[in-house]
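Think of it as A, B, C and D in the order they're written, each chain with its own count starting at 1.
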Amino acid sequence: MKETMIVVYEKPDIYDPIFIEGLPGIGLVGKLAAEHLIQELNAKKFAELYSPHFMHQVIVKKDSTVDLMRNEFYYWKSPDDEHRDLIIITGDTQVPPTDSYGHFEVVGKMLDFVEQFGTREIITMGGYQVPELEGEPRVLAAFTDLETKEKYKHLPVVFREDEGGAIVGAAGLLLGIGKLRGMKGACFLGESLGYIVDAKAAKAVLSVVAQVLNLEIDMSALDERAKETEEILKKVQEMQRAMFEQQMPQPGHEEEDRGYL
Amino acid sequence: MKETMIVVYEKPDIYDPIFIEGLPGIGLVGKLAAEHLIQELNAKKFAELYSPHFMHQVIVKKDSTVDLMRNEFYYWKSPDDEHRDLIIITGDTQVPPTDSYGHFEVVGKMLDFVEQFGTREIITMGGYQVPELEGEPRVLAAFTDLETKEKYKHLPVVFREDEGGAIVGAAGLLLGIGKLRGMKGACFLGESLGYIVDAKAAKAVLSVVAQVLNLEIDMSALDERAKETEEILKKVQEMQRAMFEQQMPQPGHEEEDRGYL
Amino acid sequence: MKETMIVVYEKPDIYDPIFIEGLPGIGLVGKLAAEHLIQELNAKKFAELYSPHFMHQVIVKKDSTVDLMRNEFYYWKSPDDEHRDLIIITGDTQVPPTDSYGHFEVVGKMLDFVEQFGTREIITMGGYQVPELEGEPRVLAAFTDLETKEKYKHLPVVFREDEGGAIVGAAGLLLGIGKLRGMKGACFLGESLGYIVDAKAAKAVLSVVAQVLNLEIDMSALDERAKETEEILKKVQEMQRAMFEQQMPQPGHEEEDRGYL
Amino acid sequence: MKETMIVVYEKPDIYDPIFIEGLPGIGLVGKLAAEHLIQELNAKKFAELYSPHFMHQVIVKKDSTVDLMRNEFYYWKSPDDEHRDLIIITGDTQVPPTDSYGHFEVVGKMLDFVEQFGTREIITMGGYQVPELEGEPRVLAAFTDLETKEKYKHLPVVFREDEGGAIVGAAGLLLGIGKLRGMKGACFLGESLGYIVDAKAAKAVLSVVAQVLNLEIDMSALDERAKETEEILKKVQEMQRAMFEQQMPQPGHEEEDRGYL
């Protein structure tokens, strides 16, 4: 395999779809949000993306079968004129951070593909790493252009104004490269501590995207995962407190401690 | 050399061969198993694979000649209808872990090559890293599809069910990429501590593969190596015990110890 | 995106322009100098360079829009026969240091582009890392050939004679590759401590380049930034002194200190 | 620059030349040997090799001019039938060790080039890293094939028999890839501690190569450098002894020492 390749199972009959991205990243926020959206809309998988820039391994499934790491394209055909057709992408992985060239190659192929279906608008979803978090995670937003920013000014988001800040990976590149192709888009990132599977942040981001798409999304499943997330967070904090107390050196045990470094 | 290249010495007259892979990896399990199989079957080398993705060096032989690092293809023509023709690959190296793109390129070229002979089935062999091991190493199995899993359900193997676990390198990629080309296959990994040349695990894996191929393989040579493996393991454990005792700081020798860090 | 690409907004009517480079590097000296020159000349942006070898991210602006990292080409049309037309390049980034191939590819594309406008001469600007600096930073110079060196011998610069020394990145490669294409050029580097935004060094370099171009450049804005630079430098030195005093171990507190390592 | 390129200044009238390589490596042994040979034979430079796989920098010369890093081809036309025409390559650099693909690409281009002149035989020169060295450095040899080994069995060299040992970089790859193209060759490596400019080892290797080529090479200049090498070695050993004594912790000065870590 010399180039990223897309295996197409079906050519959906969709028109001017919005391309929504939710790939693995900080807190798995984007992936969780995308998976939940796919589930609630009952979106149908129609293509798979494989890349020689992904990790050189296969992943084992519970049924003992294996697959290369991949991204998956789903489509949803809008039932009426109030809603837009959608292409949603999620998957196992992004290109590892050491391979910038691979990131550009893969995102370029994604855009080539969705352009075939007439895509002109993009929404990317992910997590925004914060060192600590109290209360509900906010959703930060950034846009390809001021017209799109204006269109979304009513949303319950915080516009990013951190000049020089970055959005790394597909969530950023899809907008950056899409912009050069005349596309427009927005990126919604939920504040997250980053080291857990953050369903709270995913719910926050998906709520905003649901508003954008004028969809009612039942968040129950995500709520359940969000409660699990809070439990895990509490446990992690307890463990950290315990580890800290354990690390304080005890007078008189100096040599023994050093023996275990 | 800009691409992986295969030098062909002979075009064997084989039909619908099974492609068996045993390249260097954990515990050298796959390589030992493949080498032993080649020896016992008296399989004949018919092609060599070289790659610009391998380490940029030549290897010195005992007779003072040098060669690039390479993989070697052997074939075995079945003597009757009870057995399948085989292509076996083993060699000096796989692509280093920092070059995912290289892994995909090399495995792609391997499959291009064996497809020319009508290959539709693949068996890959290797080691499965475990932190400790008591008794005989088990053989873990994974498959391209449920049909193949069903076909092999009678084997004395443990089906992997570790959802999200990975098989890195050729042993995994051959199945993953092969699958996209309509091929079917199985991967057999012998539990191994990983840091020694593990003939015990190799024997375990090869016994399973021999069953799959309906072959009687004389394991004497591997048994010999397996005994050597156990000796080495015992010695290593003794050394570890001695090192541990030596590391405990002795009271009064603090400054001297630090001088040698 | 598989190759570095240049998006052209306008084809300026310029003749035999001098190509001036000031991209991010040591002390951001080159970039500051280029930005100031662009500002004072009111040079006009006419093209943007994007590359799959840049970091795989977009940068957030204060107005919440995002862009890929890029370099920008500006042109200035000389008002009379005493001055030369100019193409000036500056931007967000250079290729990261781990990707030598990317550096060559990007600079090659830059030269392909400016050659279309008849460019035969190059001036590159940057910082020269020094461990400490007293008084005004000197400007070090190097050239593609002895004829150019002779042409510039009257400048208030120090000719580099450090045989085997290197000029890394675009500032060096533009001259090295340009040379192979029959172009001529000079590189002017201002001594800089490197870890701050060094407007003093930028001013020193730009003063030399202004002389080369026979331009009067108002340095006021750079002067302002230079004063800020000196303030920051003083603060950093104070912080370093304070940190040093804090690091000295206090007798009797040995165990506590080690506890925080 | 997308590929390694060779700039040709002259097409020498040579026949069936032996290609001799001496590029930077361990102890700079190969480079020193090649440079001395070029000097003594008064060989003429006729081509330069540049590569996007070399470090992305230019090197400053004492006269303030700069050049990309490069390799240089020299030729020597034999004066009679007793001697062979020669192509000698030396230069600033090899491809960095992190870029295996680059090594193969560059060596492939070198061989493409010298094949144009009818090259069928290769001699590579370099250093062989040893931890310590007493007396004169030995010259270790390895070959593409047994016929060549037989041809050189009379030389005062030690045939390498370290099965599995490696020769990294151009010195090895030229033989490995050359072999695939039907060429024959030998590699001569002088034992060297590796961290100094080792003129002693260079002299040892060049003496052997001179014998192979049936040339009388005046070694005076290398002898001079060899004496300098010995002086440097003595100084380094003294420094190491002094540093070691300084490192031993002095009782009562524990806190001060740690303050300077």
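The definition used in the following text is that contacts are C-beta pairs under 8 Å (C-beta built on N, C-alpha and C of every residue); 3 or more make two chains touch, one makes a residue touch a chain.
Computed from a predicted model, the values in this text were never measured in an experiment.
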Among all the other chains, which ones are in touch with both subunit A and subunit C? none
For the Cα fit of subunit B against subunit D, please give the angle of the superposing rotation, nearest 5 degrees. 90
Greatest separation from subunit A - chain, by CA centre: D
Could you classify the subunit A-subunit B contact as same or different, where same means more than half of all interface residue numbers appear on both copies? different
Where subunit C and subunit D are represented by their mean Cα positions, the distance between them in whole Å: 36
Computed distance of Cα centres, subunit C from subunit B, in Å: 51
At least two partner chains per residue is the criterion; list those residues in subunit D. 98
Overall pattern in which the protein chains touch one another (line/ring/star/complete/other): ring
Which chain pairs touch, all of them: A-B, A-C, B-D, C-D
Contact footprint of subunit D on subunit B as seen in their complex: 1-2, 7, 50, 52-68, 96, 98-99, 102, 255, 258-259
Hey, which residues of subunit D end up touching subunit B in the complex? 95, 97-98, 100-101, 103-105, 108, 141-146, 149, 159-169, 172-173, 175-177, 179-180, 187, 247-249, 251
